[in-house]
Amino acid sequence: MKRLRLERWSGQLFTARSTPARIRPCCLRQQQAALPPRIRFSSSAAVLHDDLIMEDGEELDEESSTSNTNYPSPPLEAAFNSSKLAALHARLNLSQKVPLQTMARTLVDPSADSNADFNNAALANLGGSIMSYHVSEWLLCTYPRLPMTVLFAAAYAYSGPKTLQLVGKEWGVETAAAPGEEVDPGYLQFSKLKPGQALQSQGGSIRPDRKSYYRRGISSRVVYDDEFGDTVSKQAESDLPLPTEHAYASFVKAVVGSVYLHSGSAAAKTFVTNHILSRYLQIASLFQFKEPVRELSRLCAREGFEYPVARILSETGRRSRHPVFVVGIFSGKDKLGEGAGPSLGEARTRACVHALKAWYLYSPGANVRVPSEMEAAGAKEWEPVHIDIGEVIH
Amino acid sequence: MDARLLRRPVIDLLSGRGQCLTSLNASSPRHQSSYRRTKQHLNIKPDSSFLISNESPKQDHIIFNPPSASPSVLHTPLKFLPKEDKRRQLLAATAEKLNPVPSRLPPPVSRKPKMPHHHLSDADIAEIQRLKRDEPEKWNNMKLSRKFNCSSMFISICLSQCGYDDTVTRKAEKARLDGVMDRWGPRRRMAHEDKLKRMEIALRDE
Amino acid sequence: MVVQGIRKATVGQNGVGAFILQCKRLDFHYCDWAGSSKGMNSFLKNSLTKFAALNPQVEITVSPRPRRHPVIRGTYINGREKAICVRNLTKEQVLQKAELLRDANGEKLKKVTKPVKSINESVRGVWSPYHDGGIHV
Amino acid sequence: MRRIPITSRSIGLLRPYTTPTPYLCSICKHQAPAFSTSSLRPSLDTTEKIRRKVWGTDEPPGLEDPYGGLSKFAKKPKPTSPPRQMTAAPQLPPDYVPSSTWDGLESVGEIYEPEYDFGGFLPAELVTDTDEMTAALHRAMVEIFALKEAGLSLLNIPKAVLGLDPTHDVDIVPSADGTQLRFNKDSSLAEVLQALTRDVSLSSVDETAEKGAPTEAEEDVAADRSELDPLHPEGNSPLTDETAVKEQPTESEEDVAADRSEADPLADSEAYMPFEELIASWDPSWLQVSIEDPEIKFAILKRTLQLTGVRVPDSAIRSTRTAQSILSHLVTPPKPRKLIDALEQKEELLTLPNVSVFAKRVTPIHKEKSIGRWKLIEKELESRDLPVTATANNEYPEVCSTSATLPETAGETAFVAEDEILIVVGVGLWLALTAKVVELMLEFVPEELVGPEMGFELEMLR
């Protein structure tokens, strides 16, 4: 493909790249204005090289230039020639403060480029923290009585790798087949797992109690594990091949991190609210009970309510093949919940599950204030949110 | 607004579209096989709360027509609301009017008389354990619970510490039950499996 | 552990919170020689700048396709493609086709009978015969 | 209804069988019946037939034409011309000799003559360079404003573009009471005017014609010049020089040579100055000079046309008000031949970040390259000794044992794996099959069907 290069490419870009120490400028704080005008036609590296010879009229050393094209990720200046990247930037409605180089960097996974100056590991770490902070503060303030396990599951549903893969795909990001210098910087670059290849062990977790006879309780998960209750692998950054969902997750996190770095915390919060927290989830469907009847009686005992009694609200066809019983759970004279089932036992179980969910899913309102709102200038005085004493233990 | 509320049922009656009133009793000779017939059939009389009567208020008002559906889990019962919640007062005010506390509660599911709680002394518990230790074959849980007037659950808790090794009994009991299940036919087996599945689903509330 | 959490993934609702335009890429193919590309070439020369500036979230590529009819090809976020042959169309008609592709969501065309589609739970719940006060026989 | 062919009609049976019928096509047979029962009658016109029928006789009474007289559609007799009178040939003079060449004869029609040759007033070569065009416009404006300043008629614009440009060092400054020329150290009004008038003098006389002696008009101009002298005394010396040289009534060749030789030293100093620097040396406000006056505008446009050969469209003349607008019409780039050339000029399109424009067709290889798969494909193809692209290498790869049997003329490449055997099916057609398949094939193919072309390889296989 002929490459129409209107700007003059000077040899300095190439000489800078030929330094053996592989020093490339870090893009994190570079501003867009300082860079050459964006005129693009094509982005194939080989043709670029041909044109360089033709336009500059100087003979580049073939051997040296080919030996230098082994960078594992596209160069920084390619970010300005990629229309895909610019379209992605505009599609996410990012501020102009977020430069295209940073955008390009968020798309390079550590498994593609192990150099920490050019991959998104640091950005993803930062963005992941910001995202999980906003998700968890919103969940905790909106549903203050969620059990810890359900809270983990809800956090996973909002910011887990599966969801972030969906988010990344809904942003229109595609994966590159293999990372390399010639790849368009608008593609997500990581080294893919081969079919049938097993996940590499990450070298154990950081938990101090690695022995199998230790009980991995919920409280220890809060302390030692990550925001979803999973163990954190010991090896922080690895350039091993990884599943696609993890690559997408680190990309989305890195975008949040870059928004935070360039536009500030308020913009990052808005971004997380718009793209992550606006997604649809029925939190009521995340519960899996084991012994709801006993749990409800323990709850009533703890809270000082009267002992819950199951009462038949209505029934039909008791002696038929398909009876239906509607059973309500009453504590004293107040109805806590009700459920319908084909047998009295199942109806009672359903009624207890219903009552327990009604307890756990108490919400002070959808627009409850979260602590990060206090960061805004001129925020109202903080009113304490409802804090629950925790789930029922029996 | 008022006029419209009034107009629709009146027009329905006059235009002969009020067949919904009779359709419940009279068996329809035809199936509701067309869109128009279905729509016409579903064109039912509005709830009485929508109708204007002499008691209906003369000013702007809210018509409260609770859904005929099982309540949502997101509607926290009054009892579960925390003390500082603002909805407590509102719900308490409306609950009196809308759901007056019934003078007679519905019948409970299990009519069995409740066992008395916490009436056994340590000596009684030691006696239970001794009986089981001495004559394990004779004293099973049901007999013990009947003798001491307590729940069999309590008996099982007591006996878990009595020192009697019941693994053999358990195994034999399990083998007996498995033998019974092996004799089941396909219909009963399927019904049993379905029941287990339904309980699983009930625990997930799906 | 009493209550277990079930792991699920949230469902995106485009337009609630953030809106992502579903058309992510428009390829304009033209031919320098053939007369059927006349309107397309005029569009590329005159109107593309404005069109591209108005739609920065769409990646736009212009490439020749010699000895073929001019085509606009849209690539969508759901992975599908739509292509429209714009042979012998005028500049304005080409612009209309480009806007059509930009506004499409990539799904196959289907008849929309209900004006509102929602995945939200019904506010009044699913009707149940046991909660209607019952019919007393 | 289907017609009965004429040969099978009963009437046709009347014909004797012995007469051989010549071949007739079916159409002719139908159109011309071979046997006619109607008698031959004299042809009568329709009116006559009807008249006979009406009257029932063959000689109907009355006029042939019932309306009497001759119809006006009837052919009128041609007026007979009087017979041509024969006249005697004129008497030639006794000394008449027919000429054998055309010398001295009156010429009629288009015959090339040098004096009829139309010499256009436009230069033969159009100016395309932007800077040169700008300089020409500047020169034209300086000259026109100089003429105006001197109070001369604007019709004095010389016809031909001659001589050097004395206007390099003149600035055009818009001022409140009109446009003014500001002469810097290397120029003067007189010099400009002198160059102009010299051009006038040169152009007034035809170049091809002799211009040895100064004509009356030139003397008038010289007198004009002498009047201007007191105004600009510093322009005196070149002026006198000029006239001195010119007034020498020498041979024309010398005059022209002198003219040129005089131009050289002046040109030396300025001609080597690039146009960019020249334009940069001028006060940029000259582009904003108002040329509302139609007379001036016309004169400037005319002079620019002479200098550059580029015509400003009539529709644009009305809307031009400044030098800038004239320039914008003059320096319009040539029409691009390809769309990509047109897009290249659209800076705002190319600077849009979401647009990429390709000059050549985007092939699958480019797509694979952009997602990084091409290097894998290349590696895999090379590891199998396969050509990367169709045109990459046309050499045959290593073929295990059958390489000698490959047809030499085939331009394609055959790829045979190690466990496969090549079978030539026809010229340029071959199959690569595994040995097992070939054995199976041989079981089912009868011996006699294995022809000599095929048997070559099959024998080798056995």
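Couple of notes before you dig in:
By written order: A, B, C and D. Residues from 1 in each chain.
We adopt the following convention: a contact is a pair of C-beta atoms (placed from the backbone, for glycine too) under 8 Å apart; a residue touches a chain by one contact, two chains touch by 3 or more.
Predicted model, so just to flag it, every value in this text is computed and none were measured.
Chains making contact with subunit C as well as with subunit D: A.
By C-beta pair count, the most extensively touching chains are A-C. Greatest centre-to-centre distance from subunit A is found for D, with centres as Cα means. Nearest to the common centre of all protein CA atoms is the CA centroid of chain C.
Taking the mean of the C-alpha atoms as each chain's centre, subunit A and subunit B sit 40 Å apart.
Centre-to-centre spacing of subunit A and subunit D amounts to 64 Å, using the average Cα coordinate of each chain.
Averaging C-alpha coordinates per chain places the centre of subunit B 93 Å away from that of subunit D. Averaged C-alpha coordinates give centres for subunit A and subunit C that are 25 Å from one another. Contacts with at least two other chains are made by residues 6, 56-61, 121, 128, 130-131 of subunit C. Shared contact sites, meaning residues of subunit A that touch two or more other chains, fall at 83, 86-87, 90, 285, 287-290, 313, 326, 340.
Among all residues of subunit D, those that touch two or more other chains are 340, 353-360, 362. If the chains shown are joined wherever they touch, the resulting network has some other arrangement, not a path, ring, star or complete graph. Chains touching one another, given as pairs, are A-B, A-C, A-D, B-C, C-D.
For subunit C in complex with subunit B, the touching residues are 6, 121, 124-133.
Interface residues of subunit D facing subunit C in the complex, by the touch rule stated above, are 338-340, 342-343, 346, 348-349, 352-362.
Every residue of subunit D that touches subunit A in the complex is listed here, in rising order: 340, 344, 350-351, 353-360, 362-363, 366, 368-376. Those residues of subunit A that touch subunit D in the complex are listed here as 1-4, 6, 37-44, 80-83, 86-87, 89-90, 100, 174, 176-180, 182-184, 187, 189.
Touching subunit C in their complex are the following residues of subunit B: 67-72, 204.
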